[in-house]
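After this come two complexes, each holding chain A, first together with chain B and then together with chain C.
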Partner chain A sequence: MLRYVIRRTLFMVSTIWVVVTLTFFLLRAAPGGPFDTERAVSAAVEANLRAAYNLDAPLLEQYGSYLADLLRGDLGPSYKQKDFNVAELLLHGLPISLLIGGLALAIAVVLGLAFGATMARYRNRIIDSALESFVTCGLALPPLVAAPLLVLLFAVVLQWLPAGGLDSGWHFILPVISLCIPYIAAFARLSRSSCLEALNQPFTTAAQAKGVNTWRLLWHHVLPSAFVPVLSFVGPAAATLLAGSMVVEVFFAIPGIGHYFVQGALDRDYTLVLGAVLVYTSSILVLNFIIDLALLRLDPRIRLT
Partner chain B sequence: MSESIKTSAWQAFFAPLQIKISCSLLVVVLLAVLIGPHLAAWEYDVIHWDAIGGAPSKEHWFGTDNVGRDIFARTMMGGRVSLLIAILATTVSFCIGVPWGAVSGYVGGSTDQFMMRVVDGMYAIPYVLIVIVLVVILGRNIYLLFIAIGAVSWLDVSRIVRGQALVLKAAPFIASARAMGLSEFRIVTRHVVPNVLGTSIVFATLMIPGVIISESFISFLGLGVQEPMTSLGVLIADGSKNIHSSPWQLGFPTGFLTILLLLMTTLGERLRRLVVGAERSLL
Partner chain C sequence: MKRFCHRLAVGSVFALAGICSAGPDTAVLNIGNSAEPGTLDPHRYFSNAEEHILKDLFMGLTTMGPGAEVLPGVAKSWEVSEDGLQWRFKLDPTATWSDGHPLTAHDFVFGLQRHQDPTTAAPLASFLYCIKNARAVNDGSLPPSELGVGAVDDHTLLIELAHPFPFLPERLLYPIGYPIPKHVVDEHADQWVKAQNWVSNGAYVLDEWRPREYVALKRNEHFKREPAAAIGKVRYYPLSEPATAYNRFVAGDMDIVHGYPHNLIDKVRRERPHEVHNVPLQSIMYLVFNTKKAPFDRVRVRKALSLAIDKRRLVESILGAGEQASASFAPPIVAHYATRIAPHVPSTKEALTLLESAGFNEANPLKLTLRYISSEENKRVYVAIAAMWKAAGIATTLHQANLATHFSDLQSGDFEVAQAGWFGENNPEHYLELLWSKIGPANYGSYASKEFDSLFEKARATANVHARVATLAEAERIALQEHPVIPLYVNVTLNLVKAHVAGWTPNGRNLHPVRFLHWQ
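Right after this comes the complex of A and B.
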C-alpha cells in the first residue's frame, strides 16, 4: 500500500513536470508576447520591460529559474495584472472554483445515482422511458446552453435569482445548476446500467430469495455494488467539468481560476496561463489519486498493479 | 450491401415518430442555416444606425444587437459557421484517428501497446487546456480552431477504429489477402480502413454535437471565431453582456443552439442504439 502511494506520488510529480515543461516551451515558441499592444512601444521601453521580467535571458535559464521559483511556491509575476502575482490570483480563485465544481459534481453523483437506480428499478416501464428522455435532453444541454437559458428564465423573466456576481449564497445556485445538468444525465445513464448489472448478480437473487423487499434490496445490495463504476467515472467527468466551469465563471462573472485562465489566454499572460494549467492538472491528478484509493477500499477485487 | 438491406436499415431508423419529427426539423434547421443568411433582408455584418439594440420586430425578426446588426441574419450565419467548423474538425479527427486506430489494431503487439498508451495518456490531460494553449500559441484563427479541436477529438475515433480493426484482423478475407502476398500497407489501406469506415461514420455523427459545443465554447471565451465573422458561441458571449436591457440578443442564439444540439443528440442516440443493437444480434 505504502509503495503504491509512493509510486503514484512520483508519477503525479513527473506528470506535472512534463506538463509544465511542455506548456512553458510551447508558450515561449508562440509569436507575439504579453507586451504587444496596439500602439508600438519604443524599442528601449520594450527592452527594459523584457529585462525587468527576465525575458531577455536565454530560454533554458528562464526555464531553470521558473522551476526553481516553482519549488518555492512562487508562480512568477502576472504580466498584465501588475498589482498581483500569479500565486495570489490563483489562490484567490481556487476555493471559489473548487466549491462550485465540487458542489456540481456532488449533486451530479447523488441525483444521477438516484435517477439511475429508479430507472433500473422500473426498467422498461413508463418511469424509465420518461427519465430516459430527460437524460437524452440533459446530455444535449452543456453549461454554455444551460446557463443562458436559466439566467433568462430565473434572473430576467422571473427575477428570482441574481444573474451574476458572487455576493451571497443565492449567487451560487444558477452556476452550480447549469454546470451539473449534463453530468446528472451522464451519471444517471451509467448508474442505470450498473444497477441493472448488479440486479443480475447471484447475490441479488439470494437476497430476493430471502425475502428482502425491493427498496432495501436496491439500497443495501444493489447500490453499493453499482457505486464502483460510478465513482471511477468521477475522474474523467471532473476533467471535462473544467471546460464547463470556465464557461460558468465567465458567464456569471465569478472570479474563479477559469476566469483568470481565460483572461490570461486572451492577454497572452504566459505566467498566468502556465500557473492555471499547473493548478488544473494537479487538481485533476490529486482527485484521480483519491478516487483510486477510495476504489481500492470499496472493491477488494481491484488489485494493486 | 444489397439494396433490400439498405432500405430496411433506413426503415428501421425512421420507424419511430419522434425520429421522423427530429429529422424533418433538422432538415429545416440545416436549410435555415444554408439559405437563412440570404433570406433575411439584412446582411449579417451590416450596421443599421437607426436600429441599435432594437427589439424583435417585423423588419428585424430577432431584433438587432448593440451596434445595429440584424440578429436573425447573425444567428443563421453563426449556425452555419458553427456547423462548418464542426464538420471540418470531425474530418480532421478522422484523418488522424482512422489511420492511428487501424494501424494499432491491425499490427497489434508492442506497436498496439505503445499507440494505445499514447491515447490513454492524452485522455488523462483535460483537452480544454490543450485547445486553449494551442489557440494561445497559434493565434486566434478560424482555421487553427478546427485543427486544434480535431487534434484533440481523434482519440475516440482511434479507439473505435482499433476495436473494429481487431475484429477484422481475424476475418477470412484478410487472411486470403495475406496469402495473396499483399503488403501490410495495402491490406490496411485497401481492406481494413474501408471496412471500418461505416461504423466510424455512425460514431462521427455522435461526435458532431460535442464538437459544436467545443467550438461554441472556445468562441464564447473569445478565443475562437473573431469579429466581424460570427458563430453561435460569439453571439451568446455578446448577448450575455446585455441580458437585462435586451434579452433577445441572448435568447435567440441560445435557443437556436439548444434546438440544434437537442435534434442532433436525439438522432445520434437513435443511430447509436441501432448500431449497438445490430452488433449485439450479430454476436
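Right after this comes the complex of A and C.
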C-alpha cells in the first residue's frame, strides 16, 4: 500500500510539472500580451512594464524563475489584478468555488442515485419513462442554457430569488441548481444501469428468495453494489464542479476561480492562468487518487497494480 | 452507506441554511461597475472601471463636478505664466488625508515623481509627458528628482511644462494626477493599497475589497469639501456581463449600472423611461487603415471605402441607442471646437468610380479583411459595413478577435482595415494626436503627413487655447482629406439609475462622483 501511495504521488507531481510546463509555453505562444489594450502604451512605458514583471528576460530564464518561485510556494503576481498576488486571488475564490461546487455535487449525487434507483425499481413503467424524460432534458441543459432560464423565471419575472452576487445564502440557490442539473442526469443514468446490473446478480435473487422487500433490497444490497461505478464518476465530476464554472460565475457574478481560466487567458495574465491550472490539475489528480482508495475499500475485487 | 447518505443530506441543508442567514444592507449604494478594477493605486491605474472608484477615493489638484466639469480640487486656484509653461497651484491649507495627516504640496511632488519613476511601471505615464523632463525620467535617462515639479512652500506647487498645454487642469482629473500619501507608502511600500493600510483624501476611503465580489467604500470623516458625501457606504460590484448587470438592476440588487445589453434598448426605454440615461459619450469609434499596406496606402481607395459607408443608417438602424454619426475625428461634442470637416455624404456611385480609377472592378474586385473586437454589438455594426461595401463591389472578410489579440495585431501592423476607438477628454487634441506620426503605437495605421504634423506641432506650441484649437481644426481638415481613418460615430452611455438615487447628472465623460448623489 505504501509503495502504491508513493508511486501515485510521484506520478501526480510529474503530471503537474508537465501540465505547468505545457501551459507556460502555450500561453507565451498565444498572440498578444498582458499589456495589449485599447490604449496603446508608449515604448518606454511598455519597457517599464515588462521589466517590472520580469517579462524582458529570456523565456527559458522566465520559466526557470517561475518554477523556482513555485517550489517556494510563490505563484507570482497577477498582471491584471495588480494589488493582489495569484495566491491571494485563488485563496479568495477557492472556498467560494468549493462551496458552490460541493453543494452542486452533493445534490447531484443524492438525487442522481435516488432517481437511478427508482428508475431501476420501476423499469419500463411510467415512472421510469417520466424520469428518463427528465434525465434527457437535464443532459441537454448545460449551465449556459439553464442559468439564463432560471434567472429569467425566478429573478426577473417572479422576483423570488436574487439574479446574482453572493450577498446572502439565497444567492447560492440558482447557481447551484444551474450547475447540478446535468450532473443529476448523468448520475441518474449511471446509477440506473448499475442498479439494473446489480438486480440481475445472484445475490439479489437470493435475497428476493429469502423474502426481503423490494425497497430494503434496493437500499441494503443493490445500491452499495451500484455505487462503485457511480463513485468512479464522482472524481472527475467533483474536480470540474469544485474548480468552478466560468459560465455560472460570469452569469451570476460569483467570485470563484473558474472565471480565472478564461478571463486570465483572454487577458494574457500568464501567472493567474498557471495558478488556476495548477489548482485544477491538482484537484483532478488528488480526487481521483482518493476515489481510487475509496473504491479499493468498497470493492474487494479491485486490486492494487 | 446509510450513515454516509444521511450525513451528506444533513450537511447540505446546514450549509445552505447557514449561508442564507445574511441580509442586504439597505443603506449601501450598490453600483454595477463595468469590470473588476485591476488596481486602486492611482499611478498604476489604466481602466475606466478603476477610474469610477478612484474618483471617490481621491481628489487631485482639480476635481470633477457633477456634470464632469473641471472644478478646483485640492488647489483652490492656479496661475499660468504667459508662455504657458509654468503653472503655480495654491493648495487648500486645511486639506488633510483620511488619517488626519496634513496634505501638502510635497505629497503632490512625491506623487508626480512616483508616477514617472520607471519602477512604478505606470501604464499611463505618457499622459503627463507634457511635464518638463517627464519623458526622460520615465525612460530612465534622468532621476525622478529632475521632473519639472516642485513645492514652493507647503501650500504652493509649481509644475513646469515641456511645452504649453492649456488642457492641463482637465488632464489632472485623471487618477494619475492624484496625490499619494508618502508617509503611508514609506511605511507599507506596495501594501499601502490594502484596506487595512488605506489612506486617501477623497470623499470616501476604502473599507474592504473582496476580489471579483465588490469594492466597499465608506465616508471619509476628514473630507471637508462641500458637498460632503450624503451616502455613507458605497459598493462597486464588477458586472462585466451587460445581461447580468441588467438582471441585477431589474431584480433590485443594484441602484446604478453602467451597462446593459444593447439589444434591450427599446425595451428599457419603454419600461424604464425615468431610469435610463443614454447620453453621447466623449468618444470616437472609427476604422483605421494600415497606410503602409497596399492598396490602403492610396488615398482614393481609402476615400472610396469611406464614401461607401452610410453612417446615419448605421447609427439609426443598426445601433439606435442615441449614437451620433460623425464626419470629424475629434468628436463633434467636444467643447470650444468648430470642426472644418464637411458633413459626410455617402455615395456608392462615387465609391465605385474611385475604385474603378484605382484599378478595381467587377473582374478584379477590391478584397480586404476587416478586423473587429468580438461582441454582439460589434458583429452587427461590422456585418452592416461589410454589406455596404459589398454594394460598392468590395469583398470583405470579417475577422473577429478578443481585445488583447486585436490590439496586439494593430500595434504590430498586422491588419488592413480595423476597428478602433478612443474616449476621454473634452478637447480635440486628445483625439487628433492619434494621427501624429510621433505619437508611437497609438497611431495604429502609421499615418504620416508632414503637413498635419507641422500644424499639430504648431498647435502644441501655442499657449492660447482658442488659437490652439483653431490650428487643430485646420490640421484635422488636412488629415481627413487623406482619409487615414473613417470616423464612424460617437458612442453613447448606457446607464440605469434607480429613481431613489437623486443628483445624477448625465455627462459625456460618464463619471459620476458619489458625493454629488443622495437618496431621494
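Assume the second predicted complex is superposed on the first by the 297 of 305 C-alpha atoms of A that agree within 3 Å, B and C clash if a C-alpha of one lies under 4 Å from a C-alpha of the other, contacts with A are read in each partner's own complex, and residues count from 1 in each chain.
Basically, contacts are C-beta pairs under 8 Å (C-beta built on N, C-alpha and C of every residue); 3 or more make two chains touch, one makes a residue touch a chain.
Computed from a prediction, not measured in an experiment: that's the story for all the values here.
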Partner chain in contact with A:185 - chain B first, chain C second, else both or neither: neither
Contacts of A:84 with chain B and chain C, given as first, second, both or neither: second
First (chain B), second (chain C), both or neither touched by A:281: first
First (chain B), second (chain C), both or neither touched by A:155: both
Partner chain in contact with A:139 - chain B first, chain C second, else both or neither: first
Chain B versus chain C as contact partner of A:119, first or second or both or neither: neither
Touched partner set for A:70, first chain B, second chain C, both or neither: neither
Residues of chain A touched, compared between chain B and chain C (which is higher): C
Which of chain B and chain C A:247 touches, first, second, both or neither: first
Touched partner set for A:26, first chain B, second chain C, both or neither: first
Chain B and chain C contact sites that coincide on chain A, given as residue numbers: 30-32, 148, 151, 155-156, 163, 250-251, 266, 268
List of chain B residues in touch with chain A within their complex: 123-129, 132-133, 135-139, 209, 213-214, 216-217, 220-223, 233, 236, 239-240, 243-244, 247, 250-251, 254, 257-258, 261-262, 264-266, 269
Interfacial residue positions of chain A with respect to chain C in the complex: 30-45, 47-49, 51-53, 80-84, 88-89, 92-93, 99, 102-103, 106-107, 109-110, 113, 148, 151, 155-156, 159, 162-170, 172-173, 219, 223-224, 227, 250-253, 255, 259, 266-268
Touch list for chain C against partner chain A, complex: 1-2, 5, 8-9, 11-12, 15-24, 36, 38-41, 44, 46, 118-126, 129, 135, 138-140, 193-194, 209-213, 237-241, 243-244, 247-248, 250-253, 402-405, 407-411, 420-421, 440-442, 444
Residues of chain A defined as touching chain B within the complex: 15, 19, 23, 26-27, 29-32, 136-137, 139-142, 144-145, 148-149, 151-152, 155-156, 163, 236, 239-240, 242-243, 246-247, 250-251, 261-262, 265-266, 268, 273, 277, 280-281, 284, 288
